[in-house]
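After this come two complexes, each holding subunit A, first together with subunit B and then together with subunit C.
And then the complex of A and B:
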């Protein structure tokens, strides 16, 4: 088991968005967390990435384990550097003043000095040819879809083996959404483990191997994607039927 | 060959010229003092620009760190090399003053860097306006602490540094203060330029752009904030030390919020995150202060008014976030500011 979240309870001040959730991700899997707004999806990801306050909540009970070891005391930079987990945050959070290339370069911040990264840049440009065309352009001038590509590309340049994505399809045109999800599938086939948070439950479950349904800070349902797609409650609440 | 070392050559020639002019007394003492204050202001504005411009935090208590540097280096100098009412006979032979002086100034910088922790540690969890309030508080803490230490003069101030400057002149007859100010100004600008263009410095820029994004790109934000705040306040301490030795007297009132505001004005006038902008604005601001001196107290109406006008018509400051070499690309053949 690569990542396991065990009875996690967290608080932002007096507000408790998670009430003891448990889920796990195996190596090489795509796992999705689906749920409505305010269900605790982003909070879960921020807790896993150990973001510093005020972004991340305070863990009051439970544990987050990576390969069996607790990571509650791990710093956010070590999560990326040592555990090889990278987050593609909601809203992309790209460095708007920097060019596409500078954004990608910044992602190699903590990597070994002198490492040959040419192949890795090439891999990003193979995955997202538009980024290659726009590599010298300031990233704030990119379209929403291109910015999302950059956010994913930047996360990959950290050298991660475990990708966490927070609502990557938000604000994208349908075609771009499908393109992005195809790329995620390709990455997974190359060995990348993916934890995906998505409001578009149908799209996410069609991509993922397994899924969890979050409802007001609790796991309401879990199972393989096919099981969840066939679950009448999930269908009614999240799949429009 | 010439291009490669041109900037070093210009600095050596400039330094030599300054020494010659000061030695031969071709410039009067007032002009020389203005030039020295210009150097101190360059140190202050470039060091604050590191935090406010490059890192995007809002620090407005820079004078507090300057104060720590000024007092520590003054006390060290007076204690070690002069006969003083409080400290008694000199600890070392005054002949050593010349060689020890840079270390004394650096010691002031180190003490100010440690005081910078007062701001650096709260910055882990506090941002924006709230951090600004903490920096003002730090400024007041430093001033109030010194005002209440009677043995170093309290609010009356501390003096005796001129004797150290004279002791340096007794060893080798040169105008040492302009020389040291020149050397330390170059040193500070050089160190800031090295810092912001390093890999570590890219992390500073990342924090400015988006702290969350920086964190998820493996940038250790706490470490970078600590180092940057300490470097910035340390350099302010060096500026403070030089300031104290130029005037020969320090009192806590010289380092109040008005002084911090002056430095802020220089940073915003020059343009955020522009090193050459910070240097340029320090030069312009120092000249402006002196040119408007005949207006006496009214100059403090005119200068803020000028600032309002600049902010209305050029809110990004003189240079914006550009460097001189971006505006005049031919300069890149000789020197890159970043």
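And then the complex of A and C:
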């Protein structure tokens, strides 16, 4: 088991968005968390990535383990550096004042000096040829779709083996959405473990191996994608009947 | 006439150098943390005092020749002043950042830190002024009627070189990229594997190092030190940074020289008591036309 979240309860100030949730991700899997707004999906990802206070949720009970060891004391940059987990946050959060290339370069900050990154840049540009065309542009001049590509490319340049994505399809045109999901599938086939949060439950379950349904900070259902796609409650609530 | 112009240009560049060096520190910290580090002028003062003690130590206690003392005093002063800046960050600003304190409290903390530095100096060293020891003999040159000293030229050249070094760090290195990235989106920086606190420490090292450099150059040029010497010059350098466009190091550099030039020009044509009045009026007019400063871009702050 690569990552396990165990009875996790967290608070932001006085608000408690997670009431003891448990889920896990195995190496090489695509797992999705689905659920309505406010169900605690983003909070779960932020907790896993150990984002620092004041932005981050405070763990009050339970544990988050990576390969069996608690990571509650790990700093967010060490999550990236040592655990090789990278988050593509909701809303992309690219560095608009940096060029596309600088965004990618910054993501290599914690990697070993002298590592040969040429091939990895090439891989990003193979996945997203648009980024290559625009590599010298300030990234705030990119379109929304291109910014999402950059956000994913940037996460990959951290050298991650475990990719966490928060609503990556939000605001994308349908074609771009499918392109992105195809890319995720390809990455997974090449060995990337993926934890995906998605409003579009149908799309997410068709990509993922397994899924969890979150409802107001608790796990309401879990199972393989096929099980969840066939579950009448899930169908009714998240798949439009 | 031409001679007078050149004379004033040299004077303006030298005087503006101090503002520019200090303004760089303001703008670096602001650029990264959107924090106006009002203690920065007093860090400059501390830098001058550190230079005083280091220089005195090498000249009298160790007894090395003046140029050796100078060669040792400059880097040592910059390092020690950096440590003061970093200590301030650790003790005063970081805890507030951790708790997500409102900006107002951070700015007030910065103001108080400045006052504490001033008054700690007063309490420890007394109110009497200190005379800065002379390490090198200044030579006066006269080129076609324009009079300048080697120290003046050294001040100007050092400032320009420091600017280019800083510009290189900010635009070409990964630490510099991280500094710019923090100013744009602090949330996403740790997600890139960048330890944000380290970048903030580097920012304070660079800014305070520049203030230390300004301190030693100022003390060599005007060798009288007192605990309040950093207050007014700090405020002026801050204004210079804002007029240049705070957050942009080119702006701080130009703003510093601009303020130096305005002050020197005012003194050249008016009684010296008019200096600050006219200088600030000019800056006010510039800001009225370009409220984001010469290099600044209008941007929405999220805090």
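Some points to look at:
In the analysis below, the second predicted complex is superposed on the first by the 241 of 241 C-alpha atoms of A that agree within 3 Å, B and C clash if a C-alpha of one lies under 4 Å from a C-alpha of the other, contacts with A are read in each partner's own complex, and residues count from 1 in each chain.
In this text, a contact is a pair of C-beta atoms (placed from the backbone, for glycine too) under 8 Å apart; a residue touches a chain by one contact, two chains touch by 3 or more.
Just so it is clear, the model here is predicted, and its values are computed rather than measured.
Applying the stated clash criterion after superposition on subunit A shows that subunit B and subunit C collide.
When both complexes are overlaid on chain A, the residue A:51 reaches subunit B and subunit C alike. Once the two complexes are overlaid on the shared chain, A:81 sits against subunit B and subunit C alike.
Judged by the touch definition given at the top, the superposed model places A:12 against neither subunit B nor subunit C. Within the superposed three-chain model, A:125 lies out of touch with both subunit B and subunit C [touch as defined at top]. Contacts of A:89 after superposition: both subunit B and subunit C are touched.
With the contact threshold set out at the top, residues 49, 51-55, 75-77, 80-81, 86-87, 89, 93-98, 105-107, 109-110, 154-155, 158 of subunit A are in contact with subunit B in one structure and with subunit C in the other.
Taken in their complex, subunit B has these residues touching subunit A: 124-125, 199, 202-203, 205-206, 209-210, 212-213, 215-222, 321. Contact residues on subunit A toward subunit C in their complex (touch as defined above): 49, 51-55, 75-78, 80-81, 86-87, 89, 93-98, 102, 105-111, 154-155, 158.
Residues 49, 51-55, 75-77, 80-81, 86-87, 89, 93-98, 105-107, 109-110, 113, 154-155, 158 of subunit A are the ones that touch subunit B when the two sit in their complex. Partner subunit A is touched in their complex by these residues of subunit C: 98-100, 174, 177-178, 180-181, 183-185, 187-188, 190-196.
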